[in-house]
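Mind looking over this structure? Questions follow.
A, B, C and D are the chain letters, set down in written order, and residue numbers restart from 1 in every chain.
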Amino acid sequence: MIKAGVIGATGYVGTELIRLLEKHSDVELKYITSKSYVGKSYDEIYENYRGVFDMECHEQDIEKIADEVDVIFMALPHGIASKEIDEKILEKAKVIDIGADYRISDQEVYESWYNTEHGSPELLKEAVYGLCELKREEVKKTRIVANPGCYPTCSILSLSPILKEGLVEEDSIIIDAKSGVTGAGRSLNIGTHYTECNESFKAYGIASHRHTPEIEEQLSEVSGSDIVLNFTPHLVPMNRGILVTAYAKLKSPKSYEEIKAVYEKHYGDEHFVRLTKEGIFPETKWVKGSNFCDIGIKVDERTNRVIVVGAIDNMIKGAAGQAVQNMNIMFGLDEKSGLEDVSIFPG
Amino acid sequence: MIKAGVIGATGYVGTELIRLLEKHSDVELKYITSKSYVGKSYDEIYENYRGVFDMECHEQDIEKIADEVDVIFMALPHGIASKEIDEKILEKAKVIDIGADYRISDQEVYESWYNTEHGSPELLKEAVYGLCELKREEVKKTRIVANPGCYPTCSILSLSPILKEGLVEEDSIIIDAKSGVTGAGRSLNIGTHYTECNESFKAYGIASHRHTPEIEEQLSEVSGSDIVLNFTPHLVPMNRGILVTAYAKLKSPKSYEEIKAVYEKHYGDEHFVRLTKEGIFPETKWVKGSNFCDIGIKVDERTNRVIVVGAIDNMIKGAAGQAVQNMNIMFGLDEKSGLEDVSIFPG
Amino acid sequence: MIKAGVIGATGYVGTELIRLLEKHSDVELKYITSKSYVGKSYDEIYENYRGVFDMECHEQDIEKIADEVDVIFMALPHGIASKEIDEKILEKAKVIDIGADYRISDQEVYESWYNTEHGSPELLKEAVYGLCELKREEVKKTRIVANPGCYPTCSILSLSPILKEGLVEEDSIIIDAKSGVTGAGRSLNIGTHYTECNESFKAYGIASHRHTPEIEEQLSEVSGSDIVLNFTPHLVPMNRGILVTAYAKLKSPKSYEEIKAVYEKHYGDEHFVRLTKEGIFPETKWVKGSNFCDIGIKVDERTNRVIVVGAIDNMIKGAAGQAVQNMNIMFGLDEKSGLEDVSIFPG
Amino acid sequence: MIKAGVIGATGYVGTELIRLLEKHSDVELKYITSKSYVGKSYDEIYENYRGVFDMECHEQDIEKIADEVDVIFMALPHGIASKEIDEKILEKAKVIDIGADYRISDQEVYESWYNTEHGSPELLKEAVYGLCELKREEVKKTRIVANPGCYPTCSILSLSPILKEGLVEEDSIIIDAKSGVTGAGRSLNIGTHYTECNESFKAYGIASHRHTPEIEEQLSEVSGSDIVLNFTPHLVPMNRGILVTAYAKLKSPKSYEEIKAVYEKHYGDEHFVRLTKEGIFPETKWVKGSNFCDIGIKVDERTNRVIVVGAIDNMIKGAAGQAVQNMNIMFGLDEKSGLEDVSIFPG
């Protein structure tokens, strides 16, 4: 049994982690912490756990927790984890940080986009960007994983194969992304007040969203050349799910079959990446509640562009689920352990 | 391993059954049938199963299926199951009918409310009304279970204890119930067209809904006297969940503690019935995706009424989940097998 | 032209008032105030007014405003208006208070349910409870109107006729009410955070909601005997609309036609109360965006109860619209002025 | 008074037309037709009209109607209007066709994208594409207006200024569009069944939607060169509203101020096109229920792209509202007549 601690267990990502870890047959939850609910039993905060899980929330004493667990999941706002984690912690326990602090390898880029100081830049080199399908081998060996952002997970998985193969123009990429409201977390905000976002649709963070440099760094690495792209997130009036519609110009005309073959080569053996059949495209409902990333492609001969549509559950493959997948890889478990659920439909 | 067949696998209740049975560790799904999708693979119909479950849908040949399975789940519109099931089938396999055909013991009452002929009235006596918490011992021994309706499950569980104990006036009961739209099934209908029911709320079937005699029969049996009540269902613009608000007049004043004690006596050992703490009331989100029925009570001294609020997931405790719970009881399995999930929140 | 001021113009009720008054052909908006947005232009706060209405929000100096307008609308949280209004104000301008301060005639009852001191009890006698269809003559003559609460408007209109005629047992009344989320206002709250109330349904304020004494006082007056009843509000995941399902026991059996005749007698000449045909019941979508109250009735011979279903738009007939209707009456205008819109459907 | 007839009055566009025409002070509705509801009173079909508008639906006898009205609005599925309209009709009444039949000037292009024969190709030359802000002068003089599609209205208004001025590369345009579900109409369809599209998000018609050639033709005319672009519509789980996020590559770097100036030059005098301030972008809620098109722009210096966000109410500026605006222009009325409403918020 892997002993696990969750730091920040009462945010939305935290509660999704609790749900996945609680039913993971190889994991024993030892410690959960919360800033707002110290001393409270978990089922008083999240009543779905009524009569099922009543562990008490503790203060966030990471050193102490590291003594008692094998793996620490950090589900905190950006800027905090990097001030808590250091060599001493990593000598005792593996860390999976679901926040943004270790996702960007260049300290300066991080600090300028996130407008905060990095607390442990010396660990940036060791931290592995845990997009499992791309970095499986590195994840196996590392002590610290930077769990990818929700939009980046879906965007990078959608575009990697054609960039890796050098099929599209590097400066032609546009990622138009749409997310359900859980992506904004549980903190109160006028923009996520029910009557302000229900029955409405909007873009936000246009040409300025913090997931942009994260996506660009990974796609640059994949393609071997500097990728600068447009990323536009939108807010969908629904609880969960991300859909990415990505556009890229083909360097030379290719057929649907040729492009499909490239995706199959890259993802044919991947359990959690599912390619749709020709003419079928992902919808968020089919992945909601699961760790899958569904991908569909279209080649538009009129414009010589590839349009790739990707879908994930932002809370699972885009956060807690991928964190568990990373844990599975780090500890040599079956990668699918604890992540077997398909979407509950209609759900 | 219990071999199972599902008749009507492609409706909403059918697909929820598939989901629960597929991950049930003691069950092997052997046969699924569909009226509309014969010959199609399951993941073409429900794309959440992409790459996960591609069993082919067969025609509905119940005799043949009965030869090959231990239990048959029927998820059909009312009036059909009773024409398919007979002694010969029951000699080969146990049957759990999720439709309405065997829920009402009096053939005439059934036929007048459902406006159809019953196909096998000779089985009405043997069929057990499978509200597990009330009929566990009978379910253990029967070959055929009438799985309760969604509204009745929530209504009867909410009101049984005080009626059993004779605490409330038998003619004072009002059940004001609210359901998500999955309750209306997958058949196209102007009332469940997205833009017709989104952002609106309505009552329907006022003083005429078919679940009325089902609730009355069970509550009459529990209380030992004839119950005639008002039941009013409403449509909530959301996918899943039922909330019941039930009102009853106390025969003599009782305190909250006294009434609570009655509920604890009845449900204290029940895993799937959860009583909320004083001042806390059920919300559908806390049970959605789970087999729980949450119940909260209020004693209003001003009016001398008890108000009971109950909540279930209409597709699980109100349909497929309770069917699996009945199967677990019939086959001597742990009653919780395959039903361990808590609600995915926010989901 | 009637000169009007709106105190509290930037809450949800305030903005609905602005919308209605802005297009009212007999009204000139002179002053708007806001606690949070002093100095801001209205279209910066509510962008639907972009390029259309850019009046500046002022501080709440009621004396000064009273000097310049004919009527003051107060759209404030309870407890504030009664401390601002006094004889001096009323000598200068008529007041329509959309808050709760003057709705309950008994100061003690108000103070115990609202847990605050009343600021001007001397005005309670003069204030008219502005449920237009019941109090039209009093509204014509008063200087101060207490605009009814949203739930009370729908509940009282639904039940008045049968209570007035003495047809139902006074202690048998149950009002099960459901409201969209605008009823909770614009203040941030975990309960109205999008992902907390979307896709869920709950009851709240069971046997303790502040609209209870308001409903009871008015129905007692109508019926001529003390009414004590159960009122249970619920939260519906939608923006607007209230549906009330009310139950009452008939003193002696009556047919649908007899009860319908009573409603027609009371509301036959009312423009804003619409009776549905037999077998048809109100849905919130048909009144959303309008000042109508739709009412449908059912007589259940099995239980000898009348079930009355009423629907309003909580922001219009339940707040700002009825306030305008009261103004129309107070100033001798056509009661329908500025309130001609039907529901935008699907909206 | 302008006498008007509405052909196809009971679809969603039809009912929106009825709502707008009914309250238009210069219009008298003389005739309404319906395929499904002949002989029915309008308030039986759409109950928001209960007690307000009970005109009877007639059969679709266009010749007869043309004799009695000044203008005929056609709200029919594509392919029908062009078979009904001919020179004889146009001699008697003006026609505003809200369907697709006259939107594309090239008969062959129309027939290949719509897969049907055109019924009156001889009228294609006379028909004016009624995007009012671009074609006002032509609309004034024509007898027949092709009312633009919903997506094209928003897309063309968003992109015209920069194409007109030749600022962006003609082959760089990507239009990623999102629409509420009313866009799919009232016909029953599994894709718009409540529980199938609620809480989900998807793309559809990728690189194949029929609005593509319509957008391309108009933008080509505006820019003076052949535009071939990518247009991808998506379905948002909400009733109303379209948001367009459009991307185009600048030919040479331009500042935000320079681009903004171009939009102000084009739309500065337009009542129904509203430009947002820097850093503010349109949201569908601010235009819902109104005839406005809100436009916001962003210049991304990193990628040298302009990102334009446009929002309309698909049923109003995208259909019935623009039809009324066209009527106002054709008959020399104030263009804003009957279109004064701002969005009801929260609505």
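In this section, a contact is a pair of C-beta atoms (placed from the backbone, for glycine too) under 8 Å apart; a residue touches a chain by one contact, two chains touch by 3 or more.
Just so we're clear, the structure is a prediction, and the values are computed from it rather than from any experiment.
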item	value
Which of A-D and B-D has more C-beta pairs touching across its chains	A-D
Selected pair, out of A-C, B-C or C-D, that shares over half of its residue contact pairs with A-B	C-D
Centre-to-centre distance between chain D and chain A (centres being mean Cα positions), rounded to whole Å	39
Length of the line joining the C-alpha centres of chain B and chain D, rounded to whole Å	46
Where chain A touches two or more other chains at once, by residue number	12, 182, 195-196, 198-199, 237-240, 283, 285, 288, 346-347
Parts of chain D lying in touch with chain C, wherever the complex brings them together	12, 15-16, 19, 23, 46-53, 182, 199, 239-240, 271, 274, 276, 280, 283, 285-290, 292, 294, 340-347
Interface residues, chain B side, partner chain D - complex	12, 181-182, 186, 188-190, 192-199, 237-239
Chain C residues touching chain B - in the complex, by the definition given at the top	171, 174, 176, 178, 180, 195-196, 198-204, 206-207, 228-230, 232, 234, 236-241, 243, 245, 247, 281-285, 288, 298, 300, 302-303, 305, 307, 309, 346-347
